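All chains are identified by letter, namely A, B and C, in their written order; residue positions are counted from 1 within each chain.
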Amino acid sequence: MNMINTSLSIKPNFSRSAQRKLLKQFVFIFILIVISLVFLVPLYWMVITALKTPGDILRYPPSLWPNPVTFDNFPRAFDALPFDRFYFNSFVIVIISTIGTVLSSSLIGYGFARYRVPGSNILFGVLLATLALPDEIFTIPIFLLFKQLGWLNTILPLVVPAYFGNAFYIFLFRQYMRGIPRELTDAAVIDGANSLGVFWYVIVPLSLPVFATVTVFNVLAKWNDFFTPLIYLQKIDQMTVAVGLSYFKGQQMVTDWGALMAASLVSLIPVLIIFVIAQRYLVEGIATTGLKG
Amino acid sequence: MFRFKSVHQRTTNQKRDIRDFYGFITPLLIGWVVFLIGPLIYSFYLSLTRYDVLNAPVFIGFANYARLANDTRLITALQNTFFYVIVFVPLSTLLALVLAMLLHQVRWGKGLFRSIFYLPAIMPLVSTTLLFTWVFNYKYGPINLVLRFLHLTPIPWLSDVIFMKPSLIIMAMWGFGASMLIFLAGLQAIPAEYYEASAIDGASSWKQFWKITLPLLSPTTLFVVLTKVIAAFQVFTTAYMLTSGTGGPKDALMFVVLYLYNHAFKLGNFGYGSAIAWMLAIIIAIFTIVSLRVSDRYVYYELSSQDTKS
Amino acid sequence: MKKLFVLLVCATIVLSACTGPAPTQKVEATTASVEEPSPAPVSLRFSAWGNTDQLAAIANIVTAFREKYPNIEISEEYDPYDGYWEKKTTQIAGSTLPDVFAIASDYVCDYSSAGLLSNLNDTFAAGTPTADYLTGLPQQALANLNVDGVQVGYPFAGGALLLYYNKDMLDKAGLEYPNPDWTLQDVLTAAAKLSVDTNQDGELEQWGYMPNYLTIEDFDAIMHRFGARWFSEDGKTALSNSPEAVKAIQFLQDIIWTNKVSPRPQDIEGVDCPFCAGFVAMYEDGTWFMSDARDITDFAWDVTSIPLGFEGQQAGGPLLGNPNFVVFSKTQHLEESKLLAAFMASPEGQAILGEARGRMPVQTVGLTAWGSTPPDNIGVIADILATQPTIRESLCVKHFVEFTDLQYRTLEGEILTNNTPAAQLMPGFTQEIQKILDTP
């Protein structure tokens, strides 16, 4: 599929091929808009549920517009629980662990990407094997480990492991970095860079899209992480937003949907902000200036 | 641009490479030693015990593993899981790839569309599940309303054993946003020059796709497919939410991880649950090794492919 | 330089203000009987589960306790319903259970035989502060938490099964409201007139009657109304293969597929609350459903006790408590823990619980505040508690959770879908149950 070269479009061009390209754009954008509407439905759903009264929510089939509209769910949700603490705790955990994850996983991923030495294949295989182990079974063994270390009731179990790499992200970094032309790293070596220098000055700038991607993924995963904070933290003041939201759920069936949706909507905001900021880096493509011929 | 190296230089390079490699992956190795080995061994030990958590584990040898072979419900769970993997992974990958390519082509609104498509992946799962239970509802859901309007029989999406898995797969496809982003990053990495050069040589869009995009996207594709498969084998949360943890009537949505979760946490058979987990891990590991071997022929790498030349 | 110094001082002050309380001291009990807690500060860990409203009520009770005993510091650990199992499991495995915690009746027996619960017998001795707290508790509720002569916990919230009915729907059909004398036959007759195809599409949109499929005790109640039982008295033999049991299960299938007064699974799939949505005229559920029903604005409703069997068989009404409070056997502060646990069940604590109008208190004092209208007929609950036996057949059934899991699967897969008629189903089903009971 043809990549349109933006530098040529400064002057309006009414040639036939330019018109066809423009039409192609319109068609694509139209398709995307239609698809977007479908994907906006869940968000719409959340919003109207957050604006419905409990009686309205019990109605079935659900009404497509609140009847009546109420904003009560928001103060109700935030009065019920210490969300200010939840947000603070979540921010701390997410920031500390994301820094660790991105740093360690990128370094390790680069190691796997760049070097073919005895043992690297086996170790990579082991790495992938760790992805195959279901988390549920490790709940108790790892809990006991952290208990031995005396880390219960702290955020250490939630953030320290991040500094030792994450198999999924390591794999992602490796795949991406393997696609970087060797000439670029060789050129840096000729210029006198050591391996860390190559990593920092050549690889990282060329890998901004994957760095941004991993950051977004990790922020989302940590923000929504429910079980780990639940198990390692004791007092309600230490809990995160993800755990806090679950207090609105009832046993088995009827849940305080209004408050849950209201609180969930607000908790979406930080994640969305991170995503919007990361967009800039997702846009930048690989620099082509270093590539000769 | 490569240079012929003398034998001496090659050995020194290799030594230095080994040092660098292990230097880079040091955090991983330390992490494995501290956080992985111990729990791994203990978890395997637990799979050799009868352990209801309330009382201390009782060693019973390989009895749990023997039980695996005769467990009809486990066989159902395995069948369901394989079905899910085989259907979900290709569909979901295709969807993510197509949308990524579409998104890659437009010049306006990239950021906006990207955010919107990623949105479902960000939505809390409980709210998406709630939405889908309405969408699939037999009497009042929009899908069946359309079917009734067209004078077709409405489908019991969430209560008929045959339709429950397709419904789950459709629901799971909703979170394709992450894969789409990964594909986008991969597409971004393909230098524009390749397309321009081939256009000058007269290549059509289709040929460009097959000869440039697909090969250069192959490391990314491998990643997406492989990680999706590994994750699909471990499908749990969506099935749990949809059936309140029961696996549905006649175990329609009983998958291996849900099954082991029930045994480990609800029924007090933590030892047996651990054995199931190890069995699943071995299945996934075998599959992964085979895939990597096979993929080596089809996946094109740049950074380290030079090694084989020099 | 000076600025930095000032900053450091401020930081130190702030940090020291943020640090937690001083470490606790161990309180020694010098005599065997319960005694007043020593004035030295003591720190207890306390946990309970629930949604926001339920936890707020419990937090209020804890606050009242703190006012009475300012030297006892309580670290509150509140768990949501979600993930409750994982949390408890890790706490048990790691031996980090709180000093006082909430437990469901289903698990009391297992926890007790694993030695996790303290013996509370001495808290009833006359003259002890706990004895005052425990007066007024219904004997039956206490007996449910007594395992082989050892009292292992205190009841906190109780409940009963009720028949909720939609007054508007009954009025429209010109029918009388149900009352405690109604049998299943009366219900069926009324339900036939209430099951309506409102839009003439060949399928019903309204139904007259629906039992509760999520509450195991309602499943028990169905059996009892036909004179059948799941287990023998000692909980060791499965009795679900009797002709009465077959009739009971067949009834569940008939109301959906033959009499067509109850919805099929696909008719209500994904609907959080069919009764609230106006789909079902008469619906069995527990007293916990009351707070949700009070959110209904579209129609008037009321309650009565669940219908009797065809020949007037009693099902029972009261339910086992959920939650109850117990004391961890490995607590460092036994006397203080007993005080706290007993206080939760005390008249004062239960009155606070009743005011929240969420979970139903066990003490009569609490019932007064809890039991005010709506609905009009709320007085029927006190009658049920006073006159009817507990529904649950026996407390200590081995592998109870495995049994209920099998029960639910069979209900979902075979019974409600009419895949296998009751007569064919029960023998195999009973065998499976017996297998579970026989496992060590």
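Going forward, a contact is a pair of C-beta atoms (placed from the backbone, for glycine too) under 8 Å apart; a residue touches a chain by one contact, two chains touch by 3 or more.
The model shown is predicted, which means the values in this text are computed figures rather than measured ones.
Visitor: Please state, in steps, how far chain C lies from chain A along the shortest route of touching chains.
Guide: When the steps are counted carefully, the minimum from chain A to chain C is 1.
Visitor: Counting only C-beta pairs in contact, which chains form the busiest pair?
Guide: Contact tally peaks for the chain pair A-B.
Visitor: Report the inter-centroid distance (CA atoms only) between chain B and chain C in whole Å.
Guide: 39
Visitor: Measuring centre to centre with CA averages, how many angstrom lie between chain A and chain B?
Guide: Centre-to-centre distance between chain A and chain B: 16 Å.
Visitor: Going by the touch rule set out above, which residues of chain C reach two or more other chains?
Guide: 86, 89, 93, 271 - these are the residues of chain C that touch more than one other chain.
Visitor: Using the touch rule from the top of the page, what residues of chain A touch 2 or more other chains?
Guide: Residues 60, 140, 144, 249, 252 of chain A touch two or more partner chains.
Visitor: Where in chain B do residues touch two or more of the other chains?
Guide: 53, 134, 137, 139, 141, 265, 270
Visitor: Which bits of chain B are touching chain A when the two form their complex?
Guide: Interface residues on chain B, with respect to chain A: 1, 14, 17-18, 20-25, 27-28, 30-32, 34-36, 38-40, 42-43, 46, 53, 99, 101-111, 113-124, 126-128, 130-131, 134, 137, 139-141, 174, 178, 181-182, 184-186, 188-193, 195-196, 199, 205, 208-209, 213, 216, 219-220, 222-223, 226-227, 230, 233-234, 236, 244, 257, 260-261, 264-265, 270, 273-274, 277-278, 280-281, 284-285, 288-289, 292, 301-307.
Visitor: Quick one: in the complex, what on chain C touches chain B?
Guide: 85-86, 89, 92-93, 110-111, 113-114, 116, 201, 203, 205, 264-267, 269-271, 399, 401-402, 405, 408-409, 412-413, 416-417, 419
Visitor: Okay, in this complex, where on chain A does chain C touch?
Guide: 53-55, 58-60, 80-81, 139-140, 143-144, 147, 152, 226-227, 230-231, 234-236, 243, 246-256, 259
Visitor: Using the touch rule from the top, collect the residues of chain A that touch chain B in their complex.
Guide: The contact residues of chain A facing chain B are 1-6, 24-25, 28-29, 31-32, 35-36, 39-43, 45-46, 49, 60-62, 104, 107-108, 110-118, 120, 123, 125, 127-134, 136-138, 140-142, 144-145, 161, 163-165, 168, 170-172, 175-183, 185-186, 195, 199, 209-210, 212-213, 216-217, 220, 224, 245, 249, 252, 257, 260-261, 264, 267-268, 271-272, 275-276, 279, 282-286, 288, 291-292.
Visitor: Can you list the residues on chain C that touch chain A in the complex?
Guide: Going through chain C, the ones touching chain A are 45, 51-53, 55-56, 75-83, 86-87, 89-90, 93-94, 96, 214, 271-274, 276-277, 279, 288, 292, 295-298.
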